[in-house]
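As written, the chain order gives the labels A, B, C and D, with residue 1 at the start of each chain.
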Amino acid sequence: MTTIDLNADLGEGFGIYRLPQEPELLDLVTSANIACGGHAGDPIVMRETVALAQARGVAIGAHPGYPDREGFGRRELGASPAEVAALVITQVGALAAVCAAAGARLRYVKPHGALYNRLARDWPAATAVAEAIFAVDPALLLLGLDGSLMIRAAEDVGLRGVREAFVDRGYLPDGSLVPRGEAGALLDDPDLVAERALRMVAEHHVVAIDGTRRLLHPESLCTHGDGPHAALLVRAVRQRLEGAGIGIAPFAR
Amino acid sequence: MTTIDLNADLGEGFGIYRLPQEPELLDLVTSANIACGGHAGDPIVMRETVALAQARGVAIGAHPGYPDREGFGRRELGASPAEVAALVITQVGALAAVCAAAGARLRYVKPHGALYNRLARDWPAATAVAEAIFAVDPALLLLGLDGSLMIRAAEDVGLRGVREAFVDRGYLPDGSLVPRGEAGALLDDPDLVAERALRMVAEHHVVAIDGTRRLLHPESLCTHGDGPHAALLVRAVRQRLEGAGIGIAPFAR
Amino acid sequence: MTTIDLNADLGEGFGIYRLPQEPELLDLVTSANIACGGHAGDPIVMRETVALAQARGVAIGAHPGYPDREGFGRRELGASPAEVAALVITQVGALAAVCAAAGARLRYVKPHGALYNRLARDWPAATAVAEAIFAVDPALLLLGLDGSLMIRAAEDVGLRGVREAFVDRGYLPDGSLVPRGEAGALLDDPDLVAERALRMVAEHHVVAIDGTRRLLHPESLCTHGDGPHAALLVRAVRQRLEGAGIGIAPFAR
Amino acid sequence: MTTIDLNADLGEGFGIYRLPQEPELLDLVTSANIACGGHAGDPIVMRETVALAQARGVAIGAHPGYPDREGFGRRELGASPAEVAALVITQVGALAAVCAAAGARLRYVKPHGALYNRLARDWPAATAVAEAIFAVDPALLLLGLDGSLMIRAAEDVGLRGVREAFVDRGYLPDGSLVPRGEAGALLDDPDLVAERALRMVAEHHVVAIDGTRRLLHPESLCTHGDGPHAALLVRAVRQRLEGAGIGIAPFAR
């Protein structure tokens, strides 16, 4: 049976702030990218989210981002490759310790927001981050955009790279995402998103905004956790995939 | 031969800011309490300081503090025991990952500033922190004030507690430190400080500000790294101790 | 006709985080205590909230708090009176500039959370803050707890103090609030809260948690903006007061 | 008599951190660009620095920067024009309130670091900032790079723009600065720097790194306050200018 992982960003609250759809999302996904106190999250939220994921058997990943809470890690900070590597190390280490203290296991790393987009196309930064993660723990997987430099850098240094696709984001013909703020960047029709997910898994392609087909071989499908309809979308994706006989299971086992 | 460890707080710069005496201190101490990005330090400073300590064979400890950079972790934040435990876990984890990425080993934890003072006398917080450190890595040692609840809590949960004394701080008759800002809190005469260090190690006591003797059995002596004369004081201490035939060696071997 | 002001804390979102009941609250209150980037708020949220208040004719106050976003300004930071005065000056100045840029007028200052509670009982800090506000702009009013040292300090230095009472908080017999986290601290029954509001205004008392009556002469009634039922409570208060022939109008005109 | 203003960035410490050359610089310059708690500075440092400038008759300017203390405001944050305008408003307002509380007058605004460089060439951002400053207080001057879009935007909206040149930075042929990190970016020979300053004022040019002359008409000369030799450089500049019969006086009178 074909299986696919479903991932979402989680633990992206902070202090009194919580993203309301997160608890429901945790019941739907198989992998949780948990914020590490950089772009979002704080020590208490990190512990709570790890405990919730662990209780549901959801695989736990670290979700490091630029330390820019005002911008939610979505502004390119212009940090040097050395700075980027250092922030990934410390944020991954912080979440790894939370996992250790909970008796849980940290399985993978998925960078966040502007950092994710940068690592998809900036080879020195992607290499610095891949080497940094390998040096911290070579058993960690790196979850990144199918076709990105981040995946190639991971595999070059000896990490296992895991390819993902985005069910609720528009694609450019080159396989990169339509930038937030541009037309077609975000999709929120559950039917459309579910159909898109099925094609990604069953037919290995996505239709880019210019109508061309882009080949994909994702091991995981991501839905954004901070959108107001995130749980609705993941539920639709999950039902469509299961209805088509596709199993939903974490990539990290 | 009697031996003693010398420790100092290090890596307490941040961004462009550096504490100028730090490089010299690293040549004099045997254990470095390295800030973890809470009260001070940032990912780059953490990596640099770990590398410097490693190159000198100085034992590396995590130095977590309240996340209050403006107050340098010296203001009591009034966080709950759960919040305190969570911040210690994430900060220790961050430094542990920096060590792992450098091929170095994190040996111990020493809380900083207001957190240190609180854990010396607040049993629920001390227990929460000791349990948290044990859960992260039971091989970590806890460096704390001789006679404090922090040491007792560590040993209760199964951590090895390491007792320290402060060569450049005044003592109250009960063995606690004269609070910063009060008369006699800080000592900066190298001769006096060196003599005090020798008595702590060779005669197992310190003279409190009221003239009474307080028994001590320190395994490590701390000098504050942020004072302008820190290196001068540690050098004087080291010479006096070595002159008396006392060996200087890390407690963590 | 008797009139009373209704105030709430507003602009307490941050980055992508928003408190969902805020827009509705702005249609119900007559005075808005707007966060200044300390415990909550950021430059964009400040501008947006000032514009919303201005469009509705809601009086604008600055709502400075301890710079502790993780703790939402509810943890006592232990800052010195000089530090407290300095943070009030800079936060009030930041919001005053936002008002000036919008062609709006900043009318008053109401401290937030742990700072508010401290100023109610800490004379040196209350005096330092009152002097600081007076020095920035002697036309600013200070909104504070009826019976608190903050009000007395304001009037001592020449500021006009405005007394408020809390419709959704339990009172101790001495007129202070039941601390958060203790039984009876928070009230959320709209009927009970509305009745309480009416008694505060029409009968000049509140029933403390021990059943005794405490005299009050509030010029403003506060409802907490971050509770999930805040708008519901203010609506109930407003209807009860208006039904009893009491006018709702800002204290600052 | 020809006169020129000398300016430097000041108040760029934070918490326990201080830039050691700042007190001496305050005795040499005629205008102080004081950090506003964004890239550097905190409420206490702001108050201290304003008091020191005021006591010496040094003109006070606000020095807003990206809220990135780790990067000292030298990393381009990629904030939108609206975000940039909002941060300038709140930071300028914070320093204006500090001045008001001290009985001092805020005379001008000079953006910092990456924000300064961006405003020199990004028209939408420069316009947004100029409009924001004008809306806060149209009497504020804007100190910016001679020949930059920032100066043109200021004058377009009705602010007085004041042109400056950098005595210790290399110039590109187009009048922009050699970026930090590139060869020739920073000059630290006092003789060379003093000679360069004299030519800027007396002969109205600077020699760019390719040997070409670039015309300049600065009303103020800037020396960077955070370099280790800052005071040495300003002293040399001041002596050379005074020796040539040029008066040193603030542009804001």
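The rule we apply is simple: a residue touches a chain if its C-beta (ideal position, glycine included) is under 8 Å from a C-beta of that chain, and two chains touch if they have at least 3 such contacts.
None of the values given here were measured: they were computed from a predicted structure.
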Partner chains that subunit B and subunit C have in common: A, D
Comparison of C-D and A-C (more C-beta pairs in contact): C-D
Inter-chain centre distance, subunit C versus subunit D - centres from mean C-alpha coordinates, in Å: 38
Sequence positions of subunit C contacting 2 or more other chains: 42, 70-71
In the complex, subunit C residues that touch subunit A: 13-17, 42, 69-72, 226
Residues of subunit B that touch subunit C when the two form their complex: 67-68, 70-71, 75-79, 114
Touch list for subunit A against partner subunit B, complex: 37, 42-44, 46-47, 82-83, 86-87, 89-98, 100-103, 132, 135-137
